[in-house]
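Shared between the two complexes below is chain A, which pairs with chain B and chain C, respectively.
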Partner chain A sequence: MTTFLQNCFAGLSLGSTYALVALGFVVIYKSTGVINFAQGGLLALGAYLGYTFSNNLAVAFAVAVLLCCVSAALVGATFERIVLRRMVGQPPFAVIMITIGLLFVLEPLITAIWGFEHKQVNNPWNIRTVEAFGLVFGVRDLWTIGLTAAVVLAFFLFFRFSSLGLAMRVTAFDPEAALAQGISARRVYAVSWAIAAALAALAGILMAAGPGGLTPSIGFIALAAFPAMILGGMDSPAGAVLGGLIIGLAEALTRGYQDRLFSWAGDNVSVIVPYLLMIVILLIRPYGLLGTREVRRI
Partner chain B sequence: MAGAHRNMTRGYADELRLFGTPLARFGLVAMIAVFLLLPTILQDDFWLSVLIYVGITAIGALGLNLLTGYCGQISLGHAFFIGAGAYVTARIGGDLGLPLPVWLLAAGVVGAVLGGLIGPFALRLRGHYLAIVTLGLIFIGEHLWRNLTPITGGNSGTSVNAQPAIGPIDFGGLTLLGESYSRNQGWFWLVWALVALVALLAKNLVRTRPGRALQAVRDRDQAAEVIGVRAGRYKIGAFMLSSAIASVAGALFGSYQQFVSPDEWNLLLSIQYIAIVIVGGLGTIFGSVLGAIFVGALPALIDRYSDAIPGVRTSVGGEGFVSVFALNQALFGLLIVLFLVLEPRGLAGIWLRIKAYFKAWPFSY
Partner chain C sequence: MAPPMLSVSNLEVVYDDVVLVLRGLSLRVPTDSIVALLGANGAGKTTLLRAVTGLLTPHRGKITKGTVRLGDADITAADPADVVRKGIAQVMEGRRVFAEITVDENLRAGAYTRRSRAEIQESYTRVLDLFPVLAQRRRSVAGYLSGGEQQMLAIGRALMAQPRLLLLDEPSLGLAPKLVEQVRDIVVQINRQGTSVLLVEQNAVMALEIADSGYVLETGQVVKDGPAAELLADEDIREFYLGSAGGERRSFAKVKSYRRKKRWSA
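Moving on, here comes the complex of A and B:
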């Protein structure tokens, strides 16, 4: 039982990271109809910027987190302004490929600036743990879960009650009607990219503060967050959070019971569990758990 | 009255000819001449091997273009099928020692079956969802390649001993009229003959009923169904055909390289193929080949001339800030972005524009 709960806790922490990234996907998808493959690149960029702020410029960790989110948001908004705005109205294939292109430019750029070496971000958590109810909780994991919960709450409040949040919902629902009401679609697009990039950067710096440290392959976590988004339904923020937690739990539990239950499936089978789970769910519900059915007209 | 203009067509038969105009016929003769003579003139092993890899890539790109360019289905899983083809070849061509046509066909059949398994997803999912499911295919595939040790050799990879031989004709060491040719020369002829064959098959497919059906499905699948195209059947068919061709390319790749490991069938390989069809031109047959020449040769050239490019690190821990691998990756990314933003029709579009300009010359506008 203790093992099970311990694995569940690891799953929640991992799932929170997935949820943050998947939420970023959903924000962009809902308002602009684009799937952002570059989220992993933005995540890695955010994590490395956080490293620079925290280690090289020696600012407090909390400030470094804030700064890296802000600078990643600027990068995201700039990219939207320079490249993606030209692609409005193009088929989804072209736009997806543009973001993949950005991902493949960002990755080498990051290694060119920061190198391949394994880095450790200065942070107040390190590998400290708290014991309670016979379980061991990593301080960083607790912070990850707490921060994610806070961000998700703020996110929903923002969308529900702020005028910009309302504008974003309207634009996602019907861009032309939104324009007719005097809502600036450009501003909405730029803001959604900024929010998504900031969420990615937050996920990145939280990951980098963990035991894995900071390596150029940190962006791969975003590829595993795709199943989270798809699982929950591409246009549902609540679905993204739910999907992230499910995927995180499934992955952590598979890893925890690898030796006992899954040795037949080969080493590291937990890595592909998100994709397998996504495929099964998609066969049953092609639009995800909470996604809206697409209406198709001839 | 002067004779008919060289570009004039007088009926459907004329329209349908692949090489209808004198210029096109001249082009065909020139291509055949280059095909036959190039390996005898250019005997350098490096350049021949680059051209062989380009040819193999062109075959794979033709497959992807049928699926993505003509049928409009996004697939990030092309590398999976290429890998499958290579492993089938290692076992059927290498271990069982069967001849070239058998292992090529076997790879194609296995590829088609695997593609057919993806079919149900292609029917239920569109656009974004399909892209991400096929992305999952890469990772699931990588896990399989690493763990199905009897077939794939696991992490350490497997050697591929498939001989490129049909009966007495061995492309690995051709002897013709008392003249013997090197392995690379033989492979050049084999691979580029297959490129021509696959291109011809693809061209004939897309200009007949199935091809028009595929394009109708691409443009609007519901409308296609209304006019009597079975969209589901054609989507699965496109997946099967595309992955069969990819597996054939993988078979050639494995047999030429003689060794394959699971690290090769990664996302970057899929992206490379996507870059090729975008740079070459979506929905064009000769664009796939053009794109393969342009993009497929890049990694080899960068590898060869990395000493001369400033800032590129040639060895681990050497001078320079960007590795050869990273430079390749960034270039693919840049090419995709630049072509999609500036020239969505690709190299084929540029070529058609030049051709249209001179066709009506001097009255072009």
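Moving on, here comes the complex of A and C:
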């Protein structure tokens, strides 16, 4: 039982990271109809920026986290403003290719600036743990779960009640009718990119503060968050969070019981679990767990 | 003399760099009046509205000549958000309500360009007074409203921007005769409360009954204009839109082909 709970906890922490990244995917997909393949690059960039703030500039870790989210948001919005704005009204496929291009630009850029070596971000959590109820909790995992919960809550309040959030929802639904209400689509797109980049950066710095440390390959986690987004239903923020948690849990549990149950499948079976889960769920519900089917009068 | 609310002069609009849809169109909407814009499908009515509101860009359209003025201000090819802020709201063809969100949220979206909460609340009360149906269904998802209710919502949403000029694109489209009457009365009421109206309609009788003046469009040009009463009495208009000339029913056998093929500009 203890092992099970311990694995669940690890899964929740991992799932929170996935949820943040998947939420970023959904924000951009919903408002612009484009899957942003550069999400992993933005995540890595955010993590390295956080490293610079925390280690080189020696600001307090909390401030570094905040700064890395803000600067990643600026990068996202700037990229939208300079490049993607010219692509409004063009086929989504062309825009998707551009985001893939951005990913391939970001990766060498990051290694050119920060190099390939393994880095440790100065942070107050490290590998410290607390014990409660006979379980061992990593401090960083607790913070990851807590911060994710807070961010997700803020995210939903923003979309539900703020006027900009409403503008983003209606632009996603019918861009032209939204324009006719005087809603600036450009502003909505820029804000979506800023939000997505900030979410990715937060996920990045939270991961980099963990035992894995910081390497250029940190962005690969976005690939595992991708099934989380699809599994939740591409256009559902709640689905993205749910999908992230499910996939995190599944991955952590598989890893935890690998020796006993999956030894025949090799060491890294937990890595493919997200994709297997995605395929199975899509077979049963093609629009994902919480993806919208059209609202229609009958 | 004060400038008219809206004046469009010599407007030319081209889609995709090649398709010339408006060919030097001019019209005026005097302050506090209702102006009807009639014309067959493809005559350029919706394009004119798009040119006024700045919504040509998503359709790859462009104003190549002419000007659009709102009062004293030149709004030719202005940004859609600017146009709304300057006081033009529109009800798009086919209603285009945001089906996934509630009636209340639709109305809030209509007030996006306004900042003062008190003023928004005032408009909100006014809209609910005007449309009691919406007041009853404030919390329902807009997609589940009936067609008539959705049209009311679309009009209410446009009013939330507190427009000086309201553009209505086929508000009677697909509505039962009773509802068409209701929409007509509401347009009159909105006009009396101090909003100028440009009404695009296929339902010529309905439009001309309430309008002060009217324009007839064909292939991107104004081919006839005048006071609404005159247009309503015009024989050609009666034949093209009301299906009869001179009040008597005519047999199709007697209809001469050259008359059927008649065009306004010919």
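Simple rule for what comes next: the second predicted complex is superposed on the first by the 292 of 298 C-alpha atoms of A that agree within 3 Å, B and C clash if a C-alpha of one lies under 4 Å from a C-alpha of the other, contacts with A are read in each partner's own complex, and residues count from 1 in each chain.
Just so it is clear, a contact is a pair of C-beta atoms (placed from the backbone, for glycine too) under 8 Å apart; a residue touches a chain by one contact, two chains touch by 3 or more.
What you see is a predicted model; the values in this text were computed from it and never measured.
After overlaying the two complexes on the shared chain, residue contacts for A:I183 are found with chain C alone; chain B is out of touch.
Comparing chain B with chain C, more residues of chain A are touched by B.
In the superposition on chain A, contact of A:P108 is made with chain B only, not with chain C.
By the touch criterion stated above, A:F173 is placed in contact with chain C alone, chain B being left untouched.
Of the two partner chains placed around the shared chain by superposition, neither chain B nor chain C is touched by A:E117.
Comparing the two interfaces of chain A, the one with chain B and the one with chain C have residues 294, 296-297 in common. Contact residues of chain A toward chain C in the complex are 89, 163, 166-167, 169-170, 173-184, 292, 294-297.
Those residues of chain B that touch chain A in the shared complex are 68, 72, 74, 120-121, 124-129, 131-133, 135-136, 139-140, 143, 146-147, 220, 222-223, 226, 267-268, 271, 274, 278, 321-323, 326-327, 329-330, 332-337, 340-341, 344. If you check the complex, the residues on chain C that touch chain A are 53, 55, 57-58, 60, 79-81, 83-85, 90, 92, 96-101, 105, 108-110, 112-113, 141, 143-146, 157, 161. Residues 29, 35, 83, 86-87, 90, 92-94, 96-98, 100-105, 107-109, 111-113, 223, 226-227, 230, 234, 265-269, 271-272, 274-276, 278-279, 282-283, 286, 294, 296-298 of chain A are the ones touching chain B in the complex.
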